[in-house]
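Next up: some structures, all given as structure tokens.
The same chain A turns up in both complexes below, where it pairs with chain B and then with chain C.
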Partner chain A sequence: MLSVVLKISARNVWRQKKRSFLLAGAIAFSMFVITIVNGLTGGVVDNIRVNFSHALGGHVFISGSEYREQGIVYLIADEQALLDSLAHYETSIESITRRSQAMPSLIFGSRQAMQLVYGVDFSEEDKLLSSLVVTQGSLERVTDEQTIILPRTVAERLGVEAGETVLMRLDTITGQRNVGEVIVAALIEDQERYGISAAYVNRSYLNSLLGLRPEEYQALNLFLTNMDDADEVGRGFREALGVPQPATLADIKEMDEEEAVRELFGMARVEEIEPWEGIKYQVTTINQIMEPVEAAVNVLRTIGLAIFIILLVITAVGITNTFRMILIERTKEIGTMRAFGMQQGMVRNIFLMEALLLSGGGALVGFVLYGVVSLVLGQISWDTMPAMQFFLDQGRITFDATAREVVLNTCLILAMSLLAANFPAKAAAKLSPVKAMSSNL
Partner chain B sequence: MAIIELTDVRKVYTLGKTEVHALKGVSFEIASGEFASLIGPSGSGKSTILNLIGCIDQPTSGVVRINGTATNGMNDRELTTLRHQTLGFIFQSFNLIPVLNVYENIEFPLLLGKTAVPKAEVHDWITYLVEQVGLQDHIKHRPNELSGGQRQRVAIARALVTRPAIVLADEPTANLDSKTGQTILELMKKMNEELNTTFIFSTHDSTIVGLTDHVIRLLDGEVVEETFQGRAAAEARS
Partner chain C sequence: MRKLMSVLIVVLILGCSAAPVLAKDLSIIEEVLKKVDEQSYFPDTDVTALMSMIIEDPEEGLEKIVVRYFRRDDGERFLLLIEEPQTQKGQGYLLEGDNLWFYDPSSRKFMHTSLKESFQGTDARNADFSQLTYSSSYKVVDYDEGKLGNFPVYIVDLEAVDDRVPYPYAKLWITKEGNLVLRTQEFSLNKRLMRSGLFPSYARVGNGVLPTQMIFIDELVEGKKTQITLTEISTAKLPDNVFTRAFLERASR
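And now, the complex of A and B:
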């Protein structure tokens, strides 16, 4: 029976080529739009995540702090002990970077600006160096002791250019004022608007200004073999290091209002800070840092979905009208089929199958179109647009529509078509054979 | 034995506020294997009777019995099954399925059945019917590639493919020229004799009545004359 329904439906679809192409074309356009939006946002999120991880030096970040008489000192004093406690996850770790950090005032002439500065060991920061978009100067001399890589916007605020020297004024870990001098090696495209604006200096030099030994560092950052494992590995690290897990939505729901606000907005409970022995660790993952970006991208996705649904509704109206027209055109044919013993259900199924074939074909065409467009756009280099680089992979747009999204959108299209064709299909099934036979059409 | 039995059948159509009495107490029987014709002018009730016998319409009152089973009170599913198992149809304007070729159009009613017939058997039977109606060279042609006479031959083969006990033909020659119409009637007669299928056709052309065994003449929704000739007359006498 299914083969009969399929054969007649397929030929009916093919019978009115122009009309079928128009309907399937509308469906293909809807599918293309939603898939391109999904693919683009998915690709952008992936690229931002990768570029964030390069800028931040890893996928999972472990910082340590000690409580000393003069206050809290951020430092990881015993790397081996830390790595030993994470040995279970050794195979998940691809590489490690070690960083110090400070928030000094950068001074050039009469101007100054507060700026986050990472002290990095450039010999282990290949990923960082390859991701930086240099707008002035070069990265050739970054390994020199007293050089700095400065965000372009900060350089503009200071009025400094590559090759010039800026002063760096900061507090040591013991709270004393200290000043150093660094030469601007390169200006890089700033990512301040996306939550990251960092300058980079040699770690040993920053350590000397902070009062740390050259080999010491404050944060151990880990690149994982699979970035998607960041949450799971982060959870494991917290368990291994005895760090409390971040509150889940369910936890927050159980908190009282004041507590929930503190948790949601990251407010410290100053009254609860008490002296502690040894090193207290904090574990953060790239996904936690990416949450605001993901939220922004989700807004885009929601807009895309809304456009998709509007297009689907318009197409659904088109399908209903077309099938009502088909019902009138095929009244006699339906009567003939019913006369020869076709049950009502089969008549209905022929109509529904036609709708499925049209929408399935349209969805397939839309997906193929997405594949072609993404392939073509993926070949174009956008190197001339530095502001875009944070969204791109090596200067190129990437698309990442997940199978789940594609399947979900296809199911939505198919369901909408069935719904739209259902009314005319039922009407066709209920058509009285005698009325159908006496039709003059 | 009567394969079709109509007893005091009435059919009233309502057109707005007007009631049209299409049939006014029609009663007759048709025996198995007859080549019967319903004749009469337009509006005499020929098509209405064929629709009632064909189970695509129900009488307002009276009883229609097909193979001894009263069709009154049957639901749509039962009527559809009865049509599929017992009846074949030939229409004035052929009513072939435009998206199917000659072979597929003939095969179509077989595909609606619940019992699976071996493919080879189906193929042999359809090939036999195609040869009988002389369309072996047009088997892959679509209806729009055939002449009127050829289309009606396909319709005859399609009507016979399920080996129905009864074939109903509603003015089968009305859209054909007289020579092709004559050929089609001879073909129907031949199939009637070879397969012993009961044929009932409506016509207002009294010249073709000579071919039939049993003639039911209608006027204004009533049977005004019923005559038997040839085989039916002999059987009636015996």
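And now, the complex of A and C:
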């Protein structure tokens, strides 16, 4: 029975090629729009996550602090608990980077700017180097001891160019003043608006200014073989190192403003810091850092979904009207089929199947169109737009619409089409064979 | 040739034997430093003054900060209450022994800070408003005698004994008469000059002295300096509650 319904429906769809093409085209356009929005936002989130992880030097970040008489000293030691955790997650860890960091005043002539500076071992940070978008200078001599890679906006604030020397005024870990001289090797595209604006120097040189030994470090960052394991690995390290699990955005919504700021940014707006013994660790994952970004992208997704639903409603009105016309056009035909013994249910099913074929075909075409467009756009290099680089993968747009999203959108289209065609289908089924055959239409 | 060698050997032997005789007696300078510290300490009297700070910043231009200064060295306490500019009015610093608190009336919070930190982004440090501790914080490495203007001075090279002071190395110009520090130079851990200080005038307070004019020059940022002038100096006894957090909160309203 189904094959008969399918055969008649397919023939009917094929009979009015132009009308079917327009209707399926509208559905295809809706499908294309929502899939491209999903794909683009998915790709952007993936790229930001990868670029963030390269800039920050990992997927899981472990830092430590020690309470000393002179104050808090940021430092990591190879404690047993940490070593055990590293051994436990050995298979999940692709590589490890070790960094120092400071917030010095960078000085050039009479100008100065505060800037986060990471001390990195460039020989183990090839991912970082490959992710940087150089706007001036080059990364060739970056391994020289006293060089700095500077964000472009900071360089503009200081009025410095690649090849010139800037002073770096900072405090050692025990709070003594120190100053270094570094040559600007390269200027890189700044990501300040996305929460990352860092300059990079050689770790051993930064350590010498901070009063650390060359091999010491303040943060241990882990690149995982699978970035999706970041939360699980982070949780494991927190448990092993006695670090409390972090609050989520959902928890923060319940907090007052001050509490939320403290949780989000780790700010110690407390009256007095209680001294502690040994090293106090802090474990952060890339997903925690990405939470605000994902929240912003979810807004985009919601807007995309709203547009999609509006397009679907418009298309649904079109489908209803078209099927009402079809009903009028085929009144006699329906009467004849009913006279030959076709049941009411089958007449209804033929209408509904036609709607399904149109919407299913439209959705398929929309998805294919998404594939073609994403393939073409993915081939274009956007290197001339440095501000966009943080959203891109090596200068190229990537699309990542998940199967769940595609299936959900297709189901929405099919359901909407069935709903829109339901009323004309019911009306067609209820037609009296005698009246239908005697109709002048 | 042999004669020349003999002369050289004799000169060397004489030089070596004379070295201990020529070695400088650093204990003299250690005594001078103790006197410098002692006369910056006012155990028997409270001090009140109005501090005007003129900050010259090549980027920001000129800025003026007016601060009411209360000090009681018996118990290592001071209170700095900002009166100008309007945007910072009510902010204050309270030193209670080893603890230095910063109070911001907008958040009504006390935050822990340090004597090593700079005062409100100026070239002055919070420690500049407290008693001097050169003799305990530094050891004398070398000294020289010279003149600064018309004043005969000791020019003293210091090295910090531990990492409690922000500048690990310092150089002082101290008058031979009166033991007044007229000029300072402070150096980073890698011995780069970071800050210079000039103290051209002093006022007598009890048995000690208080600089009434201080000029701090940022030696890294071209053209950046801070000039501090103390006026309305008084040694009248202050109520005990002045050096409390409650007073700072009340005064900030």
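To be clear about the criterion, the second predicted complex is superposed on the first by the 412 of 441 C-alpha atoms of A that agree within 3 Å, B and C clash if a C-alpha of one lies under 4 Å from a C-alpha of the other, contacts with A are read in each partner's own complex, and residues count from 1 in each chain.
Convention: a residue touches a chain if its C-beta (ideal position, glycine included) is under 8 Å from a C-beta of that chain, and two chains touch if they have at least 3 such contacts.
Note that the structure is predicted; figures quoted are calculated from it, not measured.
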Joint occupancy of chain A by chain B and chain C, clash or fit: fit
Which of chain B and chain C A:V4 touches, first, second, both or neither: first
First (chain B), second (chain C), both or neither touched by A:A162: neither
Partner chain in contact with A:L129 - chain B first, chain C second, else both or neither: neither
Chain B versus chain C as contact partner of A:P433, first or second or both or neither: first
First (chain B), second (chain C), both or neither touched by A:G341: first
Chain B versus chain C as contact partner of A:I72, first or second or both or neither: neither
Following superposition on chain A: angle at chain A, chain B versus chain C, Cα, nearest 10°: 160
Which superposed partner A:I309 touches (first chain B, second chain C, both, neither): neither
Overlay on chain A, chain C to chain B nearest C-alpha distance, Å: 79
Residues on chain A engaged by chain B in the complex (per definition of touch): 1, 3-4, 7-8, 11-12, 14-15, 332-333, 335-344, 346, 432-434, 437-438
Footprint of chain A on chain C - complex, ascending: 58-59, 107, 109-112, 114, 116, 160, 163-168, 186, 188-190, 192, 194, 220-224
Chain B residues touching chain A - in the complex, by the definition given at the top: 47, 51, 54, 56-57, 76-77, 80-81, 83-85, 88-89, 91, 95, 97-100, 104, 108-109, 111-113, 158, 162
Residue numbers on chain A that touch chain C, as the complex places them: 70-71, 107, 109-112, 167, 169, 171-172, 174-180, 209, 211, 269, 271-273
